[in-house]
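Labels for the chains are A, B, C and D, by order of writing; each one numbers its residues from 1.
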Amino acid sequence: MDFLRNLPFFSIMLAMFTGIISSAVNGRTARRLTLTMVTAVLVMSALTLSYTEQIGESVTYLMGHFPAPWGNEIRFGTLEAFLALYFSIIMLLSVLGGWSHVITDIEAGKENLFYVLIDMMMSSLLAMIYTNDLFTGYVFVEINTIAACGMIMIRQNGHGIVAAIRYMVMSLIGSGLFLIGISLLYDVTGHLLMVPAHNAIEQIVTDGIYYTPLLVIIVLISVGMAIKSGLYPFHSWIPETYGYATPTASAILSSLVSKGYIILLIKIFYRVIGFNIVISSHVLNALFAFGVIAMIMGSLHAIMQTDCRKMIAFSSVAQIGYIYMGIGLGTKAGMVAAVFHLLTHAATKSLLFISAVGLYEVSDGRTDYLGLRNAAYRNRVAGIAFSVGALSMVGFPMLSGFISKYLFATAALEKPHKMLITLVALIISTVLNAIYFLRQVVTIYSGRPGEAASTSHFIKEAIAESTFSNRFASIALILLNLFLGLFSEAVIDLISRGLNLFA
Amino acid sequence: MLDIEVLFTSHLEETVAMILFGIGFSLLLLNRNLIKKIMGLNIMDTAVYLFLTAKGYIYGRMVPILTDGITDPNAYTNPIPDGLVLTGIVVSVSVSALLLSLTIRLYDRYHTLDLDKIIMEWRKEEDA
Amino acid sequence: MSRIRDNYKTSPAGRFEAWYKDGYDPMDDCMDIHKPAEVSEENDVADVIAGLDLGDTVYDRTTNKALRISGHIYKILSVVLCVVMIGALIWMVQYLPPFGQPDNPVNNEVSERYIGSGIQETGAVNFVTGMILDYRAFDTFGESCVLFIATICVQILLRYDEAEKDPANVRRRQKAATDRIYEPKNDIILQKVSVILVPLLFIFGIYIILNGHLSPGGGFSGGAVIGAGLILYLCSFGYAKTERFFTVRTFRIISLAALITYCLAKSYSFYTGANHLESHIPLGTPGAILSSGLILVLNICVGSVVACTMYAFYTLFRKGDF
Amino acid sequence: MMNNNATLLIPIILPILCGILTGMFGKLRLRARYKGIAIAGMLAAEAVIVILALRIGRVFVVGSINSDIRILFRVDALSRLFGALVAFVWFLTGIYACEYLKKDRHFDSFFAFYLMTEGLIVALSVAGNMITFYMFFEMMTMLSFPMVMHDRTHEAIRAGLKYMFYSVAGALMSLVAIFMLTPYGYLGDFKAGGILDIEALTGHEQVLLVSALLMIVGLGTKAGMFPMHAWLPTAHPEAPAPASAVLSGVITKTGVIGIIRGVFYCIGPRLLAGTWVQHVWIILSLITVLMGSMMAYREPMFKKRLAYSTVSQVSYMMFGLSVMNSVAFTGAVSHIVFHSLIKTTLFLVAGAVIHQTGHTRVDELKAIGKEMPVSMICYTIVSLGLIGIPPLSGFVSKWYLASGALMSGTTPYSWLGPVILLVSALLTAGYLLPVTIRGFFPGVNYGVGTPNRAEPDAIMYLPMIVMAVMTLILGIYPGFITATIQLIAEGIF
């Protein structure tokens, strides 16, 4: 029983070890290793979750022989374990959903390197979730960035590489700000571990000295993480990045990578700086404003797209805006809503990307509106999956999107001076979502009469075979979405308890 | 408000580090030439290392290596920033290598180092 | 007369009447669904949506005014961002703790313990090495993983595969061929110098690695020196001679073995540390080469990884293969 | 919790399941006849089950989304009445549709959405609190718009999207209202006469009024009330006849039901009576009544004319609700029942005409009475009912409406309202009867000789006959319906 304490550490190490091994084997073996690893991480995280649920408090785990102020640590509570579980599920389904395209998109002999990247990404995500040390956080943020860059550019056409360099430049700016931020934090507190740093910061706030640097530090860290996760003014790399990577990479990038940074940011807010100090520093208002702008501008951009994948990518600009809007509300409820929407968006976005694969592989690779007409009849599972994802994004009841919108609205009610803006932004953004997503859904369900005669019905010969794993992944993600939508009470309760354990 | 005297006497290293950081940041963000962007990245990281090492130094103390058996903490400078700098250097080396290889591939394809030109070319291809 | 009627139709009142007579669809504008200019025979939503075709000049900054303006706005905004940030940082500097004072917040119990009881706990005479490889070893492990994954990415980008058939790679192969032509054949001076210099470099690097826990230096710097030696040898004697003792296979084996050793060793020490078990690794007598437990091993691993990585970077950049 | 009664789920789950099955097994090549028989039997079963399962007082808690939203079904007199009406109309229209769409490509997909929509509307009628109602309202919208764009033509798709976006915008307006009222206990279970706690509300009356108006306008979108009515004349003519029949007959009424739930069961009439919101509401509904009739009067297309008449007639109910007294309420709710029967019949007749002769414009319908006498007789009966000629049912509801308006103290509307209703009734006569007149008396210059009989198949005109007869019977014996509604009204006022 007490042995379960080791599982998070095992999962991080296992992921890295798999990565190192995968660099020396061929593509198939690397894929199998990766799938096994992700499954193992999934099981371990589930066990960790049950363990933390039994203990009811967050566990501190020494990485080495030395306790808090001296040696590295990881720390896991309910929310960390749940996030690890959730991320590994999404990772597994994304890999399953797109591996058939990994083979075609990547130069022969380099598939195993792609799986190395995925393993490293997994380990860095786990470390960012679990870590209790700022500098470890920085190092793994860098690993995450490099792995993401590799995933973008592993498709060896010019698009991938240009997208990769734009992504790289933007996120290096972000990590530069983050690095100088934690250096300054180390300077004024003298600690890199989160809890001692927090005590030092409370000391600073009480006796006022070094308070100005503290404000600058909060701003630097928030801005750095916002840039890395693609908040609105810094979103320009998102559409190309998500639009041109291989489908697995798109799903993972849009649904996990940016989320990892946001989780780290929330963790720093709660555990290092202290949420009240963050609120009093007014940086949240800026995040709120940019989030609201992103919600609307992202949707407006998405309406103007003709390429299905770029439309989905722009909609995730808007969704990131939702998350920052929730964080910016500066209340517990807002934070819960933000975390829940983070889960929602992870599930829905990967569902959309994966099902989009299923759609355009039956419409000879075209990804624009005209190309996708009638695709839903040629690949029914993908069509249904895409519709479910779109409806969830629109906020269809019983799907996860509805719950998160409800949570945002109720959270906004607690902040009278932000309530109206939030509600209006929610409504505008929802209507815009409805416009572009339902337009796409209608397109994939309607065709020109000529081909309609042959394909408009669920006729056998018209259904192109997509890979089994793709269908499996789509269905599993639909179920995940429904789960979030129907049994949200447990999840929300878990999130709020976990956030209490964060501090 | 802004006390120049303090800036250039007791905080000289930090000031220089911050100016360097700003230079690198602006290069990375504003310059259109990829190679200069990479230089900016390295300047930015170096500024952070300068800041950290400056933080580690204490007047009149030895480097943190055991010399003739003295284990009194007040005899040595602070070892932590040096370790952080070591780690940071490796990170920036890796990132620079990655960026340079990306630059090589882009130059092979577009025969220019100007990011704006590259992006415009690329969008033309994409629409074509 | 017709003019008046047109004006009336476009006037608000006219539009309102048209609207509630349902002649005009308020959703048209935001739905972007118009009949295409030339009405296609088959009425079809896809064609309808094709109505919002964004021509091919949309992304071109020279022709698209809106995009150009937004580009300017972005430039101005980023300049403002830079200026504001630099100003804020420099303004903040004066509130930071002063330089080199022993009572700064950074000089707290942490560094005291690293120095004071570092010898007993890690056995490393070089406190910095003791810190990065024992107290804060997880960071260092992450750091070597950064190096590893950077190598992976560079391989993805620059390594060419025989299996690949597309013209880009043919060009890269030709580049490799020309590279062999231009590389120095019998440059006597260079060869003689490097005959003397390379062994010294290797020995010096090995010294730095092995004394990482005793004197300044350690795995990374020593590995860099050895890598420099390898690169020098390659430059002066060419691939033919180098590949007699260092091929891609060597690289794979060395780096893999080193990383796996690193991973396992660190996992062992983390595991024992976290569960408060006794790690049966002797620390040895401080100051001796064979001391300070795992640190020596880790230094050797890091050193070999770094040496291989440096060499790999060089060759990949130069001709995309080992 | 009170006695959970899972039988409530049957009439909701059954049609949805059957709909999904219809969609999934569409590909197996059954003869349309057998499919039609299966669907008709299922609809009949559904009707019976609704009558049996929706016993007043039954409660079922499906679950709770989070701590303060419970998904809850509870049957009261209103839901029983509306559910029975829905099942009945759906059954008859379904039979008609089996014949109407026999040769259609999208037979299966139409019936898939048709059945699912029925299940959702039954669920919506038994919803026990506002959030449950909203959820099923939203789903009903999303699943009913494929019926509008059934033909997949450009116009149909455009009309469907228009319907979609109007409804989404309206539903979101009401959602904002729900959120703004949540702090005052708006999400509690429905109770006749309102559930808001007054002391929490003191000081926030304006919030209450604004959100009440938002809710009325938002849900009024579905009911085609004035500012947001423009989707209705576009969507109804584009849909195939059975779809437009249920759209006009039932789906527009869900908006009215929503307003009854939101205003009379949550906010409570006595909080709104006499406020500016009531005045705005009355004015909007009267404008809609008059405007709808006028537009219908000058509309040449047959189905579109009927659609405009729906706009005007549904706002009769709005007016009846907005004057807020029990008599007018009785009139409004009874008009829901009568109008849905009448308007369904009208659209079925229009569909039959199009199906048999292909005429879509009113002026093409000369001598149609000689070609399809049965349909046109049904048409005439129900038109008279809609105008409000005494022995027929429309008269009853309009009588209640007018008298309620007169005895409500809201001058000037207390006399203005009935006048406008009267004018609108005359206009109704003006736009409905010419079809009959020209249909049966084409005039002297009409070609002599026996006209070709274009009477549709019996399966198609039996539903019309049934509903026409229902109109007549309910007009003569309106007692049990009005009695039920008066009971409901007693609870509210």
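The rule we apply is simple: a residue touches a chain if its C-beta (ideal position, glycine included) is under 8 Å from a C-beta of that chain, and two chains touch if they have at least 3 such contacts.
Quick caveat, the model's predicted, so the values are computed rather than measured.
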| item | value |
| --- | --- |
| Interface with more contacting C-beta pairs, comparing A-D to A-C | A-C |
| Most distant chain from chain D by Cα centroid | B |
| Computed distance of Cα centres, chain D from chain B, in Å | 69 |
| Separation of mean Cα positions, chain D and chain A [Å, integer] | 44 |
| Chain A and chain C: spacing of chain centres that average the CA atoms, whole Å | 21 |
| Approximate Å spacing (C-alpha centroids) for the pair chain B, chain C | 14 |
| Residue numbers of chain A (touch at least two other chains) | 135, 139, 142, 146, 149, 153, 161, 180, 186-187, 192, 435, 439, 442, 446-447, 449 |
| Shared interface positions of chain C, touching two or more other chains | 31, 33, 44-45, 47, 89, 96, 104, 106-107, 110, 114, 136, 139, 143, 146, 149-150, 153, 157, 168 |
| Sites on chain B at which at least two other chains make contact | 21, 25, 29, 55, 80-81, 87, 91, 94-95, 98, 102, 105, 109, 126 |
| Residues on chain D engaged by chain A in the complex (per definition of touch) | 23-24, 26-27, 63-67, 69, 105-106, 108, 134-136, 138-139, 142, 146, 149, 152, 157, 160-161, 164-165, 168-169, 172-173, 175-176, 179-180, 182-183 |
| Of all residues in chain B, those that touch chain C in their complex | 1-3, 6-7, 10-15, 18-19, 21-22, 25-26, 29-30, 54-59, 61, 63-66, 71-74, 76, 78-83, 86-87, 89-91, 93-95, 97-98, 100-102, 104-105, 108-109, 116, 120, 123-124, 126-128 |
| Parts of chain C lying in touch with chain B, wherever the complex brings them together | 55-62, 75, 78-79, 81-82, 85-86, 89-91, 93-94, 96, 98-102, 104, 106-107, 110-112, 114-117, 119, 125-128, 131-132, 136, 139-140, 143-144, 146-147, 149-151, 153-154, 157-158, 168, 171-172, 215-216, 218, 220, 286-287, 313, 316-317 |
| Of all residues in chain A, those that touch chain B in their complex | 135, 139, 142, 146, 149, 153, 158-159, 161-162, 164-166, 168-169, 172-173, 176-177, 179-180, 183, 186-187, 192 |
| Touch list for chain C against partner chain A, complex | 30-33, 42, 44-47, 49-50, 52-54, 74, 77, 88-89, 92, 95-97, 104-110, 113-114, 121, 134-139, 141-143, 145-146, 148-150, 152-153, 155-157, 159, 161, 163-164, 168, 252, 256, 259-260, 263, 267, 269-275, 279 |
